Structure formats: structure tokens, C-alpha cells
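Consider the two complexes below, in which chain A is the common component and chain B and chain C are the respective partners.
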Partner chain A sequence: MEIDDFIKAIEEEFDNLNPGDVSPNSVFRDMEGWSSMHALIFVALIDSKYDVLLNGEELKSCVTINDLFDITCLKLNGGAAKA
Partner chain B sequence: MKLFGKIRKISYYLPGPPLSIDSNSNNRYYASQDEIGSDLAFKAVLKLFNEYPEIDKLDIDFLIVSTLVLDYNSPTTASVLHHKLGLSSTCGTIDLPQGCSGFLYSLSVAEAMISAGNARNVLILLGEVPTKAIHSEDTVLRSIFGDAGAAIVVSENNTKAIGKFTFATFGNGFDFLKVERGGGRNPIDKAWLNKYSDQVNQLPFGRIEMNGLEVLRFALKEIPGFLEQTLVKNGLTISEIDFFIFHQASALILKSLQRKCNIPEHKFISNFEEVGNTVSCSIPIALETAAALGNFKKGDKIVLLGFGIGFSCIGTVIEW
Partner chain C sequence: MAQLRLKHTAVKAIYSVIPKMVYKTHDYPYFSEDEAKMFANTTGIIERRVAATNVTASDMCFKAAQTLLEDMNCHHEIDLLVFVTQSPDYFLPASAAILQDKLGLPKTCMAFDVNLGCSGYVHGLLLANRYLQQGGLRKVLLLAGDKSTISTHEQDKTAFPLFGDAGSATLLEYDAKGKDWFFDAGTDGSGANAIIIEAGHSRMPYQSFDDQDIELAPGVVRSKKHLAIDGMAVFNFALKNVPKSINNVLDLAKIRTEQLDYLVLHQANQLITDSIRKKMNLPKEKCPSSIGNFGNTSSASIPLTLCSELSEALKKERLFLLLCGFGVGFSWASLLLSTHNVATKLLEYD
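Let's turn to the complex of A and B:
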């Protein structure tokens, strides 16, 4: 699992994002027009692409795209309790 | 002779005109100020009797009503609608207020009544006014829900047209989606009405409260496996199904479940953009809309899958 694929999937999922808009250090809550619905889109996307279901606490602990990627990898590899 | 139930006719009523809620052609319908769920159900069934004069209301021998805003805590809203419709005095009546799973729960009871030889024609009436329990500042809920009524007649049939049902309940999720102050546990009081004095009618039926993340997690975690259980129970595989109609919960949940369950887009029926989430009415409206467009041919196998408040799940496969 590569972060480039992760970022590409995010950029494809959101209509208002273009390739190159997102970097590992992007603070996702600073995205234009951010709302609670965007958080749900992230959860659904990560679940459909990686079969990892994040919970509220995990989501709250993430600030950057890289944080989301790391926690997804951790859960994917069984490093955290399964959802 | 074995008896089976079959969905004979469906009519629905949308309190118009539709209001556009965004720039993506999403429409929602809103009941008028003095209408509640049973009023929309009543209009739907009058439409059904008008559209299908071959259905004699005196042949209805069981009435099931699902609505989240009952006319009274008791008697049943089914009794009230029985009177308004002038149904036979030998007709049984029950309420089955099971939210978004309400239609399929009602269908399972209708099928059981007919299969057991206890009824020949069951009328299911659904009426929902979720928009009356949404705070004006709850923009996500406002974008999801719409009001509607639906009427369905299930009649006896010589061949099996409604498959086996699967059920699931995750009661530990009841608190994540509920109508706060909607019942006896924590009734509406003066303080509540004062708090919402800025709202139309002061939210007299309570307020829908939803933890969107937990509802999404429930759907993603439980529904794919539940679909599989429904298929296995009916001796079918996903490739043998012609169409899938899930409860029209939200655009995100529908899109995510379609992906996760690997359902081809052309088999996945959705009318969420046109009417939104109409609670118990959503599956019959989607079913009838697709049927009216000529999408189904005789013998098609259609998965119907309801889920929502409770959390509850119910699934079956019907043959068109």
C-alpha cells in the first residue's frame, strides 16, 4: 500500500479536487468547504478501498492525510483493534 | 394447495410540488403543516383504489400500517385508517412502526398471514413525515429526508413470489439514530417547546438525532454480510439477481454499499436524488418507479433490503 495511491483515490473521490491538490502533509479539515459529511466520505472511501473501517476516535486523532494513511496501514496490518 | 403471497399493486403519494434542495437536481417533498403520516398513507391508498378498480376494499382482510408519527399512542393508527377507508369489520389491523425497515417487516407479516391461510389480501399502508422532526439547522438531515405515503396490496398467489426473509437487530445502536422526545421515555414538555419556539410548530413530534458516522459504520460493517445471508437463505448467488433495491438511506451509504457488495451499477436501483430518504416508503417507491419505467420483466429476481433505526435489518428476494 503506497501513499501515492491513497492520495490519488482521495483526489478522485472529491469533485472539487484535482490531481496534485493533496499532499501527505495536507490538513484534511482545511479542505475547501470541509464539513462533517467529508469525514464520512473519507471513512467510506477507506473502507471500500482497503476494507478498514475507522471509528470516531481514530478519525479524531488524525490531522493530516499522512495520519489517515498511517492509521489505515496500522489497522490493515492488524496493528490495531479491528472495527 | 400451497398458498403464497405476491405484491399485487403499489401506489405512492408525494406531497408536492417538489422542492429542489441543491444544484444537483436533488428534490424533496414536504407534507403540509396539518398533514401527518396517516394522511399521506390515506392519499396513497385512495390513489391505489382509483388506479386499480379491480381491487375491492371489502376484500382486504388484514391491514398493516407503518409510520413513525402515529395518530395516537393508542388505539393503533391502523384502526383509524380502517375506519377512514370503510374496510370490512372482519379485517384485522396492526401497527408495525419499524422505521426504514417498516415496509419489509410489513411484507414479511403479510406473506406469513397469507401462507398460513389467515388472510387472502393484505393492505400495507406507509406514511412518513420525517421533515417535521428535523431542526432547521440540521442541514445534513434536511438534505437526506423527504415525506411520502405508499400503499401496497399483497394477495395470495399459486406460486412463490416472495422469498424467505432474513432479520437482524443491533439494539446497541438504538441511540445513534432516534427521534428524541418522540415517546414516553422522555416526553415533550414546556421547556422543550420553549427551546424550539423558533421552529415551525416547535418540533411537536420530537427531533431526529443522528450520529452520521455510526450510522455509516453500521451500514458498511453489517449490510454486505447481511446481503450474503439473504442470498444464501434463498439459495441464490449475487450473479443470479437481476436487480437490487436497498433502503434509500443516503447517497453516500448507497454508493458505498454498491461498491462494497460488488453490485453492477445497472442492477442497483436508486431514486435518492428524486425523492430522498422517505423512511418506510423508500423501497416501494423505488420498486414502483422502476416498474413503471418498464425495467422489470416477468420472473426477474429482485433483492429488497431494508435497514435503519434500531438498528434493524431485513432482507428478502422477490420474483417479479
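Let's turn to the complex of A and C:
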């Protein structure tokens, strides 16, 4: 699992994002018009792509895309993330 | 473990009733244009039906039942009426008793309410089967409906645009030659606060709380008497439990997913139903959706989807259906059943 694929999946999911808009250090709650609906979309995307279900508390603990990627990797197989 | 093999029951008719009044997502005044677009794309809800102030869930179910009983001409054969709702007419008596009288059912007919929401229709089908299976009762009338819009605050973006109102009536009878059904259910009360109306009953009587609207977050205004929903908790609950329950039923019946004609899920929102469908490896056409036109109609969403999306197939074909209701409680129930020659109607409440 590579962070570039993770970012690409996020950029493809949202209509208002273009390739290159998101970096590992992007704060996802700073996305334009961020709402609880965005949070649900993130969780559904990660579940569908990686079969990892993040709960509300886990999402709250994340600030950047890299945080999201790390926690997904950890839940996926206990393995370390490749940044 | 709540898993059962059920015998000797046939579904004869399913009628659903929706209010005439249409609320469109794009007209919701508390959404910006972008928010409305994102809400519609994510939940799938383009519009929903909202009952008039003086119309209750029991009124919509009454219309469905009255039309069904007239068409089937079987008033005198109904031995049990079950009304699944979380929006009854009164604290007491049970709305089922009022409906027994309004529908002109015999006084020898049992009648009771079941306080379940999104999982309630499937639990209601199980109850009907348990009473019919021994051959003692002739016919059961299962009513399932809710007026959820009475509980949501207009300025709560997380709840108000999500729910619609609807009622339904399903006629079941003893069938000695009917194919076996298979059932699985469960409960996780640790999720009780995820969908809740806190005030009004005995834990928090009306006279004991300050009935003030509070802005809990931008665009989330409500008081304790309004319905509160935690979308993330519901999503997590559904994805953890629903695919497992569906697989339990398939294992019990010893069949594969691809042998199903349709998987009919409670219409919670499109993001949840799509995620479940993908986990079950089913194509879109095998998982009918009605949420775009009606929103989340709680206990009525499965019968409403059957009437609006599968009407012709239910009438003409032998179907192998898996129904799964899940939500408030948390509570869930899955049922695999065979149907043949089921009469359906979708009516509007004037």
C-alpha cells in the first residue's frame, strides 16, 4: 500500500479536487466546504478500497492525509506505512 | 443465536402509501447549492414525501390496509394485526387496537404494536410466520410505517433532509406447501444513542427538561425532543453487522449470493447501501433502490422499495429475495424468502 495510490483515490473521489491538489501534509478538514458528509465519504472510500473500517474516534484523531494513511495501514495488517 | 428456519408462510400482497407532498433536496433552504449537490450525490436522496400535519403513520398504514383488504376481500380472516412503528398515534393505547376497529376486523383478532424502526419490517415478517407456522391462524396483516418528519428539526442538516414518511400493509397466510424461509437477527444496544429522541417518555418526561433549541454545530439545531442521528456511528454499525447477517442467512440456507434474485436493503442512505452491496459482490441491478424518490422511510422502506421497484417481478415471477433491515437500536434482521404471485400497489395519501 503506497500513499500515492491513497492520495489518487481521494482526488478521484471528490469532484472539486484535481490531481496534485492533495499532499501527505494536507489537512483534510480544510477542504472547501468540509462537512460530516465528507467524513462519511472518506470512511466509505477507505472501507471500499482497503476493507478497513475507521470509526468516528479514529477519524477524529487524524489531522492530515498522512495520519489517515497511517491509521489505515495499521488497521489493515498491523504493518508500517510507506510514506 | 437468533437464527431460524421458517416454514409454511406465504406473502400474498404488499401495498404501500406515500404522502402527496414532495420535498426536494435542492429546495432545502439551509443547504448551499454545493451542500445540496453533495447531499444528493452521497445519500442518493433527490426528493422525499412528507405527510401533512394532521396525517399520522397509522393513517397511511390504514389506507394501505383498507385498500388491500378490499381488493383481497378477506377482512373476516385476519387473526392477527401487527403494527410496526416508532411514531404511534398515542402513548397508549396501542395504535394496532385503533386500527383493528377502523379496519372493521373481527374482535377475535389479536392486535399489538412493535416498537422497532428500520429493522422492524423484517422482524414483523418473522412474527407473522411464528403465529402462522403451526396452522392455527389463517391470515396476518403486518402494517409497517413511520412519520419520521414529525421528529426532525427543520434546521438540523444531519436529519431533516434525510427522512421521508410512508406506510405499508403486507398480507401473509398459512401455506402448507410454501418453501422454507431463513432468518437471522441481532441487537447492539451500546448504539442506543446513535439514533435517539431523548425527551418525551419516562426517562426524560416533557415537564422535566428545558425545551430549547440549541445549535450543536454549524447547521445542526435541535432540542432534546427532536431526533438526533450520528451518521458515522450508523455507517460503522451497518458495515460491521449487515454483511455478516446476510452471510449468516445464506449459510443457513446453503445458497450462494449469486442465486439471489434481489437483495432488498433498508434504504438508510445510498452510501451505506452501496457499500454493503459491494461487500456482497452484487451488481446494482440486484439491489433495488428507492431512496432517491422517498428518502429514508424507516420501517416502511423495504415494503415501499418492493412496491416501487419490484412490482412487476413480484406479480409475475417466482423470486428468491433477501430482505435486510438495520438501524435504530442498534437492531438488525435478515430474511431469505421465496415469493410468487404477490399483489402490490403503490398509492398516494390525499
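Things to note:
We take it that the second predicted complex is superposed on the first by the 77 of 83 C-alpha atoms of A that agree within 3 Å, B and C clash if a C-alpha of one lies under 4 Å from a C-alpha of the other, contacts with A are read in each partner's own complex, and residues count from 1 in each chain.
The rule we apply is simple: contacts are C-beta pairs under 8 Å (C-beta built on N, C-alpha and C of every residue); 3 or more make two chains touch, one makes a residue touch a chain.
Treat the numbers as computed from the prediction; the structure is a model and nothing was measured.
In the three-chain model built by superposing on chain A, chain B clashes with chain C. By the touch criterion defined above, A:11 reaches neither chain B nor chain C.
Look at A:33: by the touch rule set out above, it reaches chain C but stays clear of chain B. Of the two partner chains, both chain B and chain C are touched by A:43. Of the two partner chains, neither chain B nor chain C is touched by A:70.
Contacts of chain A with chain B, set against its contacts with chain C after fitting on chain A, overlap at residues 35-37, 39-41, 43-44, 47-48, 53, 55-56, 59. The part of chain A that touches chain B in the complex is made up of residues 35-37, 39-41, 43-44, 47-48, 53, 55-56, 59, 83. Those residues of chain B that touch chain A in the shared complex are 140, 212-214, 216-217, 220-221, 252-253, 255-256, 259-260. Put simply, chain C touches chain A in their complex at residues 32, 34-35, 38-39, 42, 157-158, 219, 230-233, 235-236, 239-240, 271, 274-275, 278. Across the interface of their complex, chain C is touched by residues 33, 35-41, 43-44, 47-48, 53, 55-56, 59 of chain A.
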